[in-house]
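There are structures below to look over.
What follows is a pair of complexes built around subunit A, which joins subunit B in one and subunit C in the other.
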Partner chain A sequence: MKVVIAGLGTVGRGLLKALSKKKSELWRAYEFSPKVVAAVKSDGAFLDENGLDPASVVSSLDGRGYEEHSAWVSGYTALEAIRDLDFDVLVEATPTNVESGEPGLSHILTALEREKDIVTSNKGPLVIAFEKLMEAARERGRILRYEATVGGAMPVFSLVEKCLRGNKITAIKGILNGTTNYILTRMTYERVPFDIALKEAQELGYAEANPSFDIEGIDAACKLVILANAIMGIRAKLSDVEIVGITRITPEAIELAREDGYLIKHVAQIEEGVLEVSLRLVDEKSPLAVGGTLNVVSVSTDLAGEFTVIGRGAGEETVSAVLNDLIDIWLERRRALAR
Partner chain B sequence: MKVVIAGLGTVGRGLLKALSKKKSELWRAYEFSPKVVAAVKSDGAFLDENGLDPASVVSSLDGRGYEEHSAWVSGYTALEAIRDLDFDVLVEATPTNVESGEPGLSHILTALEREKDIVTSNKGPLVIAFEKLMEAARERGRILRYEATVGGAMPVFSLVEKCLRGNKITAIKGILNGTTNYILTRMTYERVPFDIALKEAQELGYAEANPSFDIEGIDAACKLVILANAIMGIRAKLSDVEIVGITRITPEAIELAREDGYLIKHVAQIEEGVLEVSLRLVDEKSPLAVGGTLNVVSVSTDLAGEFTVIGRGAGEETVSAVLNDLIDIWLERRRALAR
Partner chain C sequence: MDVELEDVPGQLIKVLEPIAKGGGNIVGVVHHRNHARGSLVKVTVTFDLSEPKRLDEILSELRKRKISILRMGGERKTHAMTAILIGHVFATNIKDTIDRVMATGAAVRKVDARIKSPEEVSSVKLIIEADTEEELTRACQELKKAGREKDLFIIRS
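Showing the complex of A and B:
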């Protein structure tokens, strides 16, 4: 199976690392031995039609001398790779843009036109054009997987699809952004004011220099849109989500809630077709009462009752979701792609 | 696909209900239309080689007039059904016996000898003879699934197998018994003494008249043995588990822990090959800090970090796990079993 990786941030680089480190295990467990024929950054690409050595790409990236790598082609773009190379699966891991979905959206559509399967960790294209992408994949008989887009390492979509067969999902509730959960946790347990907690989150690398995407609830709302479309068949857009951020919360309100056995959490939920991201009281005994940067997703089902998953919502752990998607495609296509 | 259901307690009866209620959905989603050719109780069986009407069996069981049902054969046993009938999958849902594994063990072994696939919700056979059963299934090329045996409705095994591909599981920690979690939760938040909390649990139907299987930690240890064998490849037996029950805990100890931000929980864990069920301090912000009758399983993985699932550990929700296993077998075998 030949793979193009577009984007060499945490996820793209982490995937190369995992493929290198787990080479023999992946072969033993699944006879899975992908060839990465292109690994593309914003300023160029590592190219090898016989398959790159992932370890050497990672170490040259870590060492900052990547332009010296023998496979490096300066200025070569992901779109060129997707248009011109011989490959089977695109891993789309470029940065999220929820206004245009680009460049991920064009990457995915172009790859689908060329009848390639897709694994994306990039939310942008799905938030902008979920239905269009699924339709394009269906038309071409391609697999489009996106486990990493919501909840990072937590396998929410494959869990519902493969482990809760026969269940109807009636509602979803979750904490979908680790930065805001970190801030609220600090405010709750250490009585730190909002501004200080935010500054800490930035210093620890959880929050961006411009944190509004997180603290205004946009990131959580994007993930909710994907959950609504993928799991509940609701054709929602970002503009359909009622969003309240966490900026106006005070330590006093948190303290008052706590005295009654409640926490204030930034909860994203889908209930009776309504999508909302807002501050809510959560019982301290509830599965949603999880602290730190953790993410949580609770699904209400008709057979299994309420079922909750908790895990790392961001960072290098997200590679787990991308790798699981990639192996899934391999297992589905192995007869055709055994090369 | 022809199914024999052995055992018509909560799970067996719940499965019949779900098959009846979800008939058209299961067909639409998976073209799955199983025929239940036998549904066996301890005193007889409902038999129909063309497939029973599940709804009529359930309503005659609920109405206590089941001996009048036209398909009822008094005295007919599960072993007879497994030996003599034409079927494809055995659903083994008889009561758990962790001393002999019987009658479930003989049911499963006999069915495997006849080259049938198996779904079991009965822990007993797996606790007694995990390796032997897996080996027997492998030899005959059969599928043996057991999602319902640990964590009730929580899909722990399929989750690890299908949603965390490529991950190595390095440790497991969980709350595997809802009764003890209920008792500890009542003691923690309502300061109810142990005896009273136990009595409440019995009155609510969570605990048996003889509650020692739960409160001494045996039930949790059995589940831990299955997790160790199935997920971590540790060939552990029940006698390998260090077990401490919850009977000696006092409200004072719970109160002291709580003042420092900790809860006392009955935790089952596998770490560095050691299996333990014991009382532990759990941070109130931790995913294990879940109250009521809920079950929790946290797996530590090399790629995805720590990942936790929380759900209904017992009761009718368990049917979800059995149904998922059954559909999985159908999807795997559909070409052969399309009848």
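Showing the complex of A and C:
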């Protein structure tokens, strides 16, 4: 299986690392030995039609002289790779843009036109054009997987698709942004004011220099849109979500809540067709009462009742979801060949 | 529960019977003769009910007997919600905010406030109780509406 990786941030780089580290295990367990024919950054690409050595790409990126790498081609773009190279699966891991979905959206559409399978960790394209992308994939008989887009490493879509067949999902409630959960947790247990907790989150690399995407609730709302479309069949857009950020919280409010056994959490929920992201009082014994940067999703179903998944919502752990999607495609294609 | 009864013999039993039959344990009976209205007198009957669901059964029997119920006690409201308001809660007339919630039929059972200084925002906790889920939803909607008008930030359970 030949793979093009678009985007070499935490996820793209992490995937190369995992492929190198788990090379023999992946072969033993699944006879899976993917060849990365292109790993593309914003300023150029590592290219090798016989498959790159992932470890050498990672170490050249970790150092400074990646331009010196023998496979480096300066100025080569992801779109060129997707249009021109011979490959089977695109891993779309470029930065999220929720206004246009680009460049990820064009990457995915172009790859689908060329009849390639897709794994995306980039939310933007799905938030902008979920139905269009699924339709395009269906028409061409391609697989489009996106487990990493919601809840990072946590299995949500695979779990619902594969372990809850026949269930109807009636409601979803969760904490879908680790940065805001970290800030709220610090405010709750260390009595730190909002601005200080935000600064800490930035220094630890949890929050961006411009944190509004997280603290205004937009990131969580995007994930809610994908959940609504993917597992509840609600054709919702970002503008359908009622979004309230966390900036107006006070330490006194947290104190008042705790006196009655509540925590204040930034909860994203879909109930009776309404999508909402807002600060809510959550019982401290509730499964939603997770601390730090953890994410959590509680799904209500008609047959199985309610179940909850807790895990790492961002960072290098996200690679786990991308790798699983990739292996899934490999196994599916191999089964199809055997038939 | 407050009822209004004719101040003649044999009236009280009309009230107590349905309560006892409905599984209620009568804790106390107080006549308020100073609240008499003509020949009618206000009587407070206090009772425990281990199966709260049977309250409707008791109430319908009392209605059948044409007993006039003036007031039902606080324990009856079974749906509760906590809401914390952040903003200039007092400067924007907290009494009006609470009155508007109460106008939906719900009750504001507790108010707890943290005020730092008159210039800064305050944080105020309200515990709201209602008889039914629908009543609670209405109270919540009214609170949200008041919050929007008064620029109050609301965090609810």
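The definition used in the following text is that the second predicted complex is superposed on the first by the 334 of 339 C-alpha atoms of A that agree within 3 Å, B and C clash if a C-alpha of one lies under 4 Å from a C-alpha of the other, contacts with A are read in each partner's own complex, and residues count from 1 in each chain.
To be clear about the criterion, a residue touches a chain if its C-beta (ideal position, glycine included) is under 8 Å from a C-beta of that chain, and two chains touch if they have at least 3 such contacts.
Remember, it's a predicted structure, so these values are computed and weren't measured experimentally.
> Is A:162 touching anything from subunit B or subunit C once the two structures are fitted on A? First, second, both or neither.
The first partner, subunit B, only.
> A:232 in the overlay: touching subunit B, subunit C, both, or neither? Say first, second, both or neither.
Neither partner.
> Just subunit B (first), just subunit C (second), both, or neither: which does A:8 touch?
neither
> If we overlay the two complexes on their shared chain A, which of subunit B and subunit C does A:328 touch? Say first, second, both or neither.
first
> In the overlaid three-chain picture, which partner chain does A:290 touch, first (subunit B) or second (subunit C), both, or neither?
first
> On subunit A, which partner's contacts cover more residues, subunit B's or subunit C's?
B
> With the two complexes superposed on chain A, say which partner A:281 touches: subunit B (first), subunit C (second), both, or neither.
Only subunit C is touched by A:281; subunit B is not.
> Of the residues on subunit A, which ones does subunit B touch that subunit C also touches?
none
> For subunit B, which residues count as touching subunit A in their complex?
18, 22, 25-26, 29-30, 147, 153-155, 158-159, 162-168, 185, 189, 261, 284-287, 289-292, 294, 301, 303-312, 317, 319-321, 323-324, 327-328
> Inside the complex, what are the residues of subunit C that reach subunit A?
By the definition above, subunit C touches subunit A via 82-84, 86-87, 112, 114, 116, 121-125, 127, 153, 155-157.
> Looking at the complex, which residues from subunit A come into contact with subunit C?
244, 248-250, 252-253, 255-257, 259-260, 262, 264, 278-283
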